[in-house]
Amino acid sequence: MGCTAADVIAAIRAAAVVVQEHRDELVRLDQAIGDADHGENMRRGFTAVLSRLDTEPPDTPAKVLKLVATTLISTVGGAAGPLYGTAFLRASSAVGDLAELDGDAVARALRAALDGVVARGKAVVGDKTMVDALTPAVTAAACAEGTAAAALSAAADAAAEGATSTVPMVARKGRASYLGDRSAGHMDPGARSTALLLRALADAAAKA
Amino acid sequence: MKKIINDPETVVREALRGMQAAHSDLLTVHHDPAVVVRADAPVRGKVAIISGGGSGHEPLHGGFVGRGMLSAACPGPVFTSPTSDQVVDAIARTDGGAGALLVVKNYTGDVLNFEMAAELAESEVRSVVIDDDVAVQDSSYTAGRRGVGGTVLLEKIVGAAAERGDDLAACEALALRVISSVRSMGLALTACTVPHVGSPSFELADDEMEIGIGIHGEPGRRKVKTGSASEMVSALLEPILEDLPFSSGDRVLLFTNGMGGTPLLELYLAHGIAEQLLADRGITVERRLVGPYITSLEMQGMSLTLLRLDDEMVELWDAPVHTAALRWGV
Amino acid sequence: MKKIINDPETVVREALRGMQAAHSDLLTVHHDPAVVVRADAPVRGKVAIISGGGSGHEPLHGGFVGRGMLSAACPGPVFTSPTSDQVVDAIARTDGGAGALLVVKNYTGDVLNFEMAAELAESEVRSVVIDDDVAVQDSSYTAGRRGVGGTVLLEKIVGAAAERGDDLAACEALALRVISSVRSMGLALTACTVPHVGSPSFELADDEMEIGIGIHGEPGRRKVKTGSASEMVSALLEPILEDLPFSSGDRVLLFTNGMGGTPLLELYLAHGIAEQLLADRGITVERRLVGPYITSLEMQGMSLTLLRLDDEMVELWDAPVHTAALRWGV
Amino acid sequence: MGCTAADVIAAIRAAAVVVQEHRDELVRLDQAIGDADHGENMRRGFTAVLSRLDTEPPDTPAKVLKLVATTLISTVGGAAGPLYGTAFLRASSAVGDLAELDGDAVARALRAALDGVVARGKAVVGDKTMVDALTPAVTAAACAEGTAAAALSAAADAAAEGATSTVPMVARKGRASYLGDRSAGHMDPGARSTALLLRALADAAAKA
C-alpha cells in the first residue's frame, strides 16, 4: 500500500513539527560554523508550509511536494531556501501524476532531489553540506525494497550517518568554508536538517 | 540580549516601517514580499540597479536606494539572504525598459536566490557577483570570497552610470571593472547578537579579536591578541595591498568602514593611520569614505576597502547621489 | 578595553588627524589648542557659530563644521569640556567681523570654560546655553538640565540663519527660540568605556537599562528592567510631550538618535513607533532625522528629541548644509 | 621664616606628584557620580604645570601661583579647570608681591581662592563640591597662628574632614546633580582633590 496525497501531507506536517522542535539545535550548529540562522530559516519555511497546507491542501503527492517547494523558495531565503526548494521541486516532477508513492517512487524522488541540489549548489560529497547526508540516503533508498516507508527509513538512517560524517570535514562550500580549518569538529547544519527531515518523513510513512 | 525591538520575528518589518516614515520622499517600502524601491521608480529608459541581502548591515542596502544609486533593495531577515520572490518583485517594480542589473554579494544564499530570480524574471537581467574580501582563500572548489565593503562603492559608481543613461551592457562591464579593482578586509573586537538567536555569535576574550571576519557575525580566519590601532590597520591593509596588488602611483578610494558598534572617533583615528601608510607607499588617496556603511548589527570592529580608481570611476563617484545614507550634489 | 586606539592620551589628536585627512575640502584642524574650523573661515560679514565640548560624541561637533552649520568646533578630551583657550582661538579664527555666537551645552564645565573664553575674546560674543534634557529636574539651585540632542537641531537651524546673513542679535534670538521649543530624553542599554579609564562607566545587568541618561556615560536617573521597543519609546516620549508640553496640532521635527552602539535597524524600528505615537496624538511630524548624531562612544541606547517647528525653522532646516555628517542641497 | 618662590615651587611639585599618584582614585570617585575624568583632568593639568615650572621657573610666590593658574585653565578643561584656575589666579593676586609667604598670607590666599571658586561656580556649602572642602580649610587657616606650614596643615586637616562630609550629600551642582538621590553615598571627587592638594602643600611647606 503506497502513500497517498493525504499521507504525504501528514508526513510533511510531521516533518514541520520536527523542524520546529529542532530549531534551536540547528541554530546552534549554524552559529558554530555559519551565521546562526539555519534553524530559524527552516522554522520560518515549514511554518509557512503548514499554513498553506491548511488553506489549500493539494490532491496529489506531486502537488504536495510542489507546494512545499514553492513555499520554501519564497520564505526560507539563505542557501537552504533555494536548495531545499529545488530538491522538493525536482522530487515533485519525478513522481509525476502518481496517486500513491511506493518505495520506487520515493527512491526516484530522492535521486531527483539530490541532482537538483547538486545542480544548484555544485557541492560534492566531502564538501561538508547537505549533499553529504542526501547522497548516501539516495543510495540506501535505491537498495531498499518495497514500501515508501521502507525506502524512507533506509534513507533516514543513511542520512544520519552522512550527517555525522560531516563533523571532521573542512568545509569547501557555503558559509562554513570561510572558516577554513576552523570549520572541522562541527556537524554541518544542513546535513543535520536533511537527516531530521528524512527521519520524520520515514516515521510518518511507517504510521500511514 | 540588549536590543530595541519588540519581537525577533517582526524586527525587519517594523524597521522598514520606520524607514518608510523617515524617508518617504526618497523611497517606498513594499511588504510581502519586502522590497525597498526608489520613490520615482520605474525610471523610463534607465537600467534598474538592484541589490539586497540579509538585514543587519544597515545602511546597506536600503539606505542606498535613491537617485544615483540603487533602484531597489531586497532585505532578507537578519543575516539571511532574501528570497527570489523579493528579487523578482524588485525587478518588476523598477525595470524602466532598459533591463536590470543585479548586484549580488558572493554568499551561496545570495547567489542562489538572485540566480533563481534572474531565471524567473520577465525583464532582461544581468547579474554581477562581488567578492572583494581578501580574508577568504579563493579557489574554484570553494564558495569563494565574500562580498563586503566593495559593494557600497560598486553601488555608488554603477548607480551613477545608470543614472546618466549607460545601457545594461555598459553597467555590467563597469561593475566588473570595479569588482576587479576593489579589495577589502575586516576585523571584529566584539561579536554581535542576532535577534532570533539571542546570544553572541562567537566568544572573544577581553584581549582577543577576530581577523578576517565577514559581515554576518561569523568568526574570522583567526583569533589573535588585540593590538594598537596602528597594528590593526596594518593587519588589514597589508593583505589588501598585496592581493590586487596595489602599487606606488596608484590612485585609490579609501573606505574606512565601521562594523556598527565602533565609535566614529576610532574610525577617524584608524582612517588617519591608513592614509599615512598609503602615502608612505606612494599610493594617492583621491577619494575617501569614513563611517559605518556596511555593518554587522552592533559589532565593534572595522574594515578597510581600497578601490583602484580611473578617471571614469572618479567622475561617477562624484556624481550627485540622493539616498538616506549617502547624499551629495543634490 | 576593546578599542581601535594607540594610546588613550593621543586619541583625540589622532582622530582629528584622520578627520583632517578625510575632509580637507570642508575643514581645517588646528592643534595646540585643538580647533576644527571650516575651510573657508573667516567668512566676511557672517556671524561665526561656534560650539564644542568633550570628544566621544561624534559626529558632534566637528562633523557639523561647514557651510550652513558651525564655523568652528572645540573638541575637548573624551567627555571633558574644552578649555577656554580653545574657544578663544576658535573665535579669533572665524570671526568675520559680525561677531560670534557660542553654542554651549549646559554642563558646568562647558559653561565655565565658554564663559571664560567670552570674557577673554576680543570679538563681540554672545552665548546661548542649551538645556533640553527633560530627564533632569530643573531648579535654580542646581546645575540645571543638560544639553543633549537639541544641540544638533539648534546648530543646523542657527547655522543656516548665520549663512543667510542674519546678524548676531538675530542668531541669538533664534537660538533662544529653538532652545525654548526643544526637548529630549535618552536611555542606555549598555555603558561605554572612556579610553583613559579602561572600564565601563556603570554596571547594568542583562535585563536592565538606564533611563534618563546624558551623553557622558554617566548613569541615568533610574535603572529599570528592559522592555519592548514600544515601551522604551513611550518611556522617552511621554516625559518629552508633557514637559513643553507638545499638543495636538503641533508641527514637529522628530530626531531619533543613536547613542553609538545601537544598530540603525533598531533606530528605524524605534523611529517608526515614535512616528505612530505622535500621529495618534495629532502631532504632525514635518521633518525627521534618524541616526547616530550625538553619541556616547560605543554605548548602546537611543534618545528622542522633539522640536516644535515654525515656518522659519522649517525653511532654515531645509537650507543647504555641507558638513561631514549632515549634507543636503549642495 | 616664610615660604620663598623656591619653596612654593617645591610645594607645587609635591602636589603634582600627589595628584599623579591619586589619579586612579579620583577617576573612580568621578566614575561613581560623574563622568570619570576628574583624575585624568587633574593629572593632565599638573603634568603641564611641572613641565612649565621646568622651563620658566618664576621668581615670586605670586608668579608661581599665576603660572599654575594659567596652565590649569589651558589644560584641565571640565569644571575643575576654570575652578582651580580661578582659585590659583585669585590666590596669586592675594599675595601680591611678597617675597615670602607667612601663615597670614596663606590664609588670605585661601580665602581669595574660595571667593573665586564661588564667584565662578555659584556653589554653597552642602552642594557636594570642592567648596565643601575649601570652606572649612579657609576658616582653619585663618584661625591657625604663625607659619605658612601651620596654616596649610590646619587647612589640610579641615579640608579632609570637609571632603568626608560630602559622602552622604545629594549633589546640587556639577554633573553629580543629574543623579539626584543616587549621588548620595559617594565622596565628591573635587572635594577629595582639594584635600589632597592642601595636604601635599602643607607637608612640603613643613619641610621647607
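Some observations on this one:
All chains are identified by letter, namely A, B, C and D, in their written order; residue positions are counted from 1 within each chain.
By our rule, contacts are C-beta pairs under 8 Å (C-beta built on N, C-alpha and C of every residue); 3 or more make two chains touch, one makes a residue touch a chain.
The structure presented is a predicted model; accordingly, all values stated were derived computationally and were not measured.
Among the remaining chains, those touching chain A and also chain C are B. Excluding chain C, the assembly's touch network divides into A, B | D.
Centre-to-centre, using mean CA coordinates, chain A is 75 Å away from chain D.
Chain centres here are Cα means. That of chain C falls 32 Å from that of chain D.
Chain B and chain D have Cα centroids separated by 54 Å.
Multi-chain contact residues of chain D (touching two or more other chains): none found.
Within chain C, residues 78 each touch two or more of the remaining chains.
Taken in their complex, chain A has these residues touching chain B: 27, 31, 34-37, 40-41, 44, 73-83, 85, 120-121, 172-175, 177-180, 182. Within the complex formed with chain A, the chain B residues making contact are 33, 54, 76-85, 107-109, 112-113, 115-116, 135-137, 141-143, 146, 194, 196-197, 199, 201-202, 214, 216-219, 221. Considering their complex, residues 1-7, 11-12, 14-22, 55-56, 58-59, 63, 78, 189-190, 206, 209, 226, 228-230, 232, 256, 260-273, 275, 285, 288, 290, 292, 295, 297-298, 300, 302, 327-330 of chain B touch chain C.
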